[in-house]
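Beneath this line is the structure, given in structure tokens, with notes to follow.
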Amino acid sequence: MSILRGDKRKNNDLRDVKLITGFTIHAEGSVLIEMGHTKVICTASVSESVPRFLKKTGKGWLTAEYSMLPRATEDRNRREASMGKLGGRTMEIQRLIGRSLRACLDMGKLGERSITIDCDVIQADGGTRTASITGGYVALAIAINKLVADGKLEESPLISNVAAISVGVVGGVPMLDLKYTEDASADVDMNVIMNSKMEFVEVQGTGEETTFTRKELNDLLDLAEKGIKELFEIQNEAIERA
Amino acid sequence: MSILRGDKRKNNDLRDVKLITGFTIHAEGSVLIEMGHTKVICTASVSESVPRFLKKTGKGWLTAEYSMLPRATEDRNRREASMGKLGGRTMEIQRLIGRSLRACLDMGKLGERSITIDCDVIQADGGTRTASITGGYVALAIAINKLVADGKLEESPLISNVAAISVGVVGGVPMLDLKYTEDASADVDMNVIMNSKMEFVEVQGTGEETTFTRKELNDLLDLAEKGIKELFEIQNEAIERA
Amino acid sequence: MSILRGDKRKNNDLRDVKLITGFTIHAEGSVLIEMGHTKVICTASVSESVPRFLKKTGKGWLTAEYSMLPRATEDRNRREASMGKLGGRTMEIQRLIGRSLRACLDMGKLGERSITIDCDVIQADGGTRTASITGGYVALAIAINKLVADGKLEESPLISNVAAISVGVVGGVPMLDLKYTEDASADVDMNVIMNSKMEFVEVQGTGEETTFTRKELNDLLDLAEKGIKELFEIQNEAIERA
Amino acid sequence: MSILRGDKRKNNDLRDVKLITGFTIHAEGSVLIEMGHTKVICTASVSESVPRFLKKTGKGWLTAEYSMLPRATEDRNRREASMGKLGGRTMEIQRLIGRSLRACLDMGKLGERSITIDCDVIQADGGTRTASITGGYVALAIAINKLVADGKLEESPLISNVAAISVGVVGGVPMLDLKYTEDASADVDMNVIMNSKMEFVEVQGTGEETTFTRKELNDLLDLAEKGIKELFEIQNEAIERA
Amino acid sequence: MSILRGDKRKNNDLRDVKLITGFTIHAEGSVLIEMGHTKVICTASVSESVPRFLKKTGKGWLTAEYSMLPRATEDRNRREASMGKLGGRTMEIQRLIGRSLRACLDMGKLGERSITIDCDVIQADGGTRTASITGGYVALAIAINKLVADGKLEESPLISNVAAISVGVVGGVPMLDLKYTEDASADVDMNVIMNSKMEFVEVQGTGEETTFTRKELNDLLDLAEKGIKELFEIQNEAIERA
Amino acid sequence: MSILRGDKRKNNDLRDVKLITGFTIHAEGSVLIEMGHTKVICTASVSESVPRFLKKTGKGWLTAEYSMLPRATEDRNRREASMGKLGGRTMEIQRLIGRSLRACLDMGKLGERSITIDCDVIQADGGTRTASITGGYVALAIAINKLVADGKLEESPLISNVAAISVGVVGGVPMLDLKYTEDASADVDMNVIMNSKMEFVEVQGTGEETTFTRKELNDLLDLAEKGIKELFEIQNEAIERA
């Protein structure tokens, strides 16, 4: 279980991960996350209002939006704004990012405030949705720390880190952090999102072309746990630096 | 682990399942699936053409669409046709149904043909997406059998049954086949889709309000396996009857 | 004028009419209407608010929505929700249903309340819009009776029954209650909506491929009156049973 | 039955009708129709192609589009182009105009050609849909005559004139050609479309606020016949002049 | 620099300009502007409310909308309402008309009132956007004068006339007021909008197929100044007459 | 005319300009342009097909698309993809970029090929449309050079550089290259696009709140010429480096 991949990684290696905080100047929290060639700008925007269903509950909210630049990919994709609607894949991804990051927030402590996490993929090489969650957490934490530092929050509503990684079975071998060519040839593709207690926030496994056994499921979850532990450290370093 | 639920079921009991085949007359395959109060009309429509990306490949395709009647639920929902677009939840569900049912078809054997599975929820009480998959498979199998009987297919392209069930942790107890009130108060909610080799086609587990441990994940998968085995028998009986 | 039709009916016979009340559990009023193979789920949903133009007038309102399941017909139709807009035919029909059913309500007695009638065709064989009106009235009456029984209304705002039927000239012969194959070959196609004083609520006659004389108009109206009288009896029976 | 109306008309009088042919220069047929203060620009545009369902059938087609300038009415209406969709009323009207004018064309003689009738209301005072049909026929006839004169058609495909008028019961009195204030207070409102054999192309009678008897229906049809006969003469004069 | 053009004009001649005020009856201000074959109905509609961003500022607002009848042009254009959205050209033009006419209004003196200028091209032969501005000003001035006459405004908020003209280099020669065939073959096309102090409100010059020198720019601005001076006189005459 | 601005620039100074070529890996041409805090990713994508109106003409085409990340600005803007349509400002800008860059291409030499220039603003501080044109030219030139190097084009279809800059009158003083705070308080705002023969491709001057004289127009054009000359050098250096 330690064969070498095209990019010299072992099957349980992450790609190089970089977190460039303060990548843009206007947002309360901003980071460029790079996982190999995958690059996503994540920003956290704070607004002092909440959706109608939360008015007068004392609770806050978080939503996420996800998009790709048209030429983030090998072939150019049409802009969703030109097509006049969001595609199903985009909706699915931004709902996933939103659910995952809500899991690390105590909405009562946040108070009647909304946070929007924008994840814009400027270059794609597999794993853009998991990179968006991992980077989105960093943007969120920076924005929250700023609210605390500015005295707008007495106490941080952050409960735990949240990070995500993709794992998959490629050519019969379970692998961590698939790049695009691996993902495209994977028999099983799974996205795992965890918090720092090493509990699951979300698990999504798909066999698309094939199916997978309980054994394979367990091997993949083991790999994901290893990768996510490493991501937590990289997140924490970046947040401290910011 | 065998406490009684509101409707007298044990934690590992399915609700009453009914499959009324031939529910409508026009579709090649048609079934009304009832799981307790949840009722979904599933039809399979066969078309002798394929999307452009499959032209001249000799391969077929399957897509699914999902909708709820506005008053399938306790409160009336606005029609997506009136709002002018599909919501994110609908897109997510119909993509899931499509992926799940494509896993049971040998597209080469199907030939250049498209099958559309329409799942229309006429009454909702939790588990509509899993009922759609379980019922959708039955509509699909009936349509496929008709193509074979009519001599349009020499050999059935069906590889295996596919069925789905929801499981969740409610009040700390893992439970099978959640009805709406259980689903709404669940800490963890998981949809499991399997084939008749008891392999996973898709696993989607969400903690939304909370998170879940590896142990809980395993308990839920055990429950799901039990329920899905029972669903395969009910599916096969209905298909034979049709 | 009493030749036999394909389905053994005489030219002035209705098809078999069934009204299955309480077809779904959530709506205040619910019925499945079957006219031969045409089957429509009609529900009445009550909301304790009114559109802006009626606020503080003490008056209520009623609107209707109409849709067909994609495979209600011989060939599958694309969903309007996927196309992102309602077609002209749908809009025309739901405006007709709404106008027709508003004619049987005293809006002052209803008070500041809105009723939505949803008509969802699950199987189509001609006459879906008239079946929607006839069934819609039953769902409405059940919902109104419930409001009275629950003490929310002192007095019923129902003024009169309303029912509808299609008539047409097929092969030179005026006929009542056209099924799809008759409708498709009709020279004249007329929809007649009446109240129980046998007055017209709406008359819509179309010659599309041809034209029609005053004599033909009168023959068709005679047939419609006969059919609608019968429908009133069937409606009243169903409402009492409910 | 000959009481005077606000504008000195008797109950069976048309308003002043003017048909200004050649109102715009680009269209194959063009007319401004004025019925009192109601003014509609009608143009007929000929295209040498047909919708897909008519390809290789040797038959032609006609469709109509209808619109109002935003300030054609007392209060300004929002443009449908800005709202991003056609309203139900617009769709209903343009489908009616299309059906009505198709009834006067022999599609086989027209050959594989499409005609679009555009009806743009520049000032509205009731009866805009019937004025559109009456004016639309004139634009159509001019365009057809041009095709014949240019040698593109050997024989005119026009079967008959088509004209339309509104009639209604106002304050208990049946009246011809309602202007806006009459229409707004009418108990019954009927649009009648006839051909020059004095047969009906379409009859649409609505009671909206109230209902109407067979006797009233007959009185209204008598009035409509009288008005439409007069319109045929005015149409023919204008077409000859053109 | 005084060669004759196809329509006998010299290079610095305007086409025949007509301003028919009171063209429609409902709008507060209404005019038909004709510049040669180009004909645009311009109306000004006054509303006693403002967009949210101006509430409680004491200031008013003006917006413009622009549209062409489908057969205003040589070939029929699809309606934007049918296509479900405004095209880029339409948006660009209506934003230009709005900006230009806002430049002649003192918004504080207008008070919390909105004016909508609707420009509907019924026949197009080049220069429709500049004709819309020139005619739009006249409709606006009539509406403003009416507000003053009705005592709703103490003082006119009009600061200055605004008029617009197109100029271009055709076959190497700078020309004033291009008609369609000239515009289509122009190397440079410029729209100039000025106020009555002969200052620029907006200058838009485009080389599309080619480019232009500073000298050409200056020649074109000279021509535009001459034309706009003449338009101011024609505007003032029409407004006095109204 | 050499007062200092907030950022120490003189009135005729450009901001710091950086062109980072090869910023993303997939596009044929890619550059990040920074003008002070304004940052735009420009990519050029080549496709071996043309829009229908150019098929079999031997000519190519270029279009541009423009977008801003939601948090490129001080306050977060809603995504146009979520709103379901492009705003008027976006359409206006992308049409301008397209026209400007088409002016530097010989479409016959390009052959039946399409180039799409995507301009995505990741951080905005005024002048995003002119930065998009200046950067878009660089992405285009790199992509063209690649087509030549790859032997797909015998000869470069590039005729000339194209660059753009904004100029404006702020506090009575003409200034070059406005940043956002300057732009927001400018009396006149002009965008100037030129080619390397120092001819105008497009000139757009707007007085919005006020108007401007011929003298001011000339001063602004002088400033623009100076800035654009400097941009041509910076462009050429970057293209050589690439």
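By letter and in written order, the chains are A, B, C, D, E and F; residue numbering begins at 1 in each of them.
Basically, contacts are C-beta pairs under 8 Å (C-beta built on N, C-alpha and C of every residue); 3 or more make two chains touch, one makes a residue touch a chain.
Just so we're clear, the structure is a prediction, and the values are computed from it rather than from any experiment.
Separation of subunit D from subunit F in touch steps, taking the shortest path, is 2.
Of the chain pairs listed in D-E, E-F or A-F, the one whose interface repeats that of A-B (more than half of its contact pairs identical by residue number) is E-F. Averaged C-alpha coordinates put the centre of subunit C at 28 Å from the centre of subunit D.
If each chain is reduced to the centroid of its CA atoms, subunit C and subunit F end up 60 Å from each other.
Between subunit A and subunit E the centroid-to-centroid distance comes to 51 Å (mean Cα coordinates, whole Å). Centre-to-centre spacing of subunit B and subunit C amounts to 33 Å, using the average Cα coordinate of each chain. Subunit D has residues 84-86 in contact with two or more other chains.
Annotation: chains form a contact ring; the order from subunit D, going to subunit E first, is D, E, F, A, B, C. Contact residues of subunit C toward subunit D in the complex are 85-86, 88-89, 91-92, 94-95, 99, 102-103, 194-195, 197, 199-214, 217, 221. For subunit E in complex with subunit D, the touching residues are 24-27, 30, 37, 39, 41, 43, 45, 47, 65, 67, 69-74, 76, 79-82, 84-86, 90, 116, 118, 120, 122-123.
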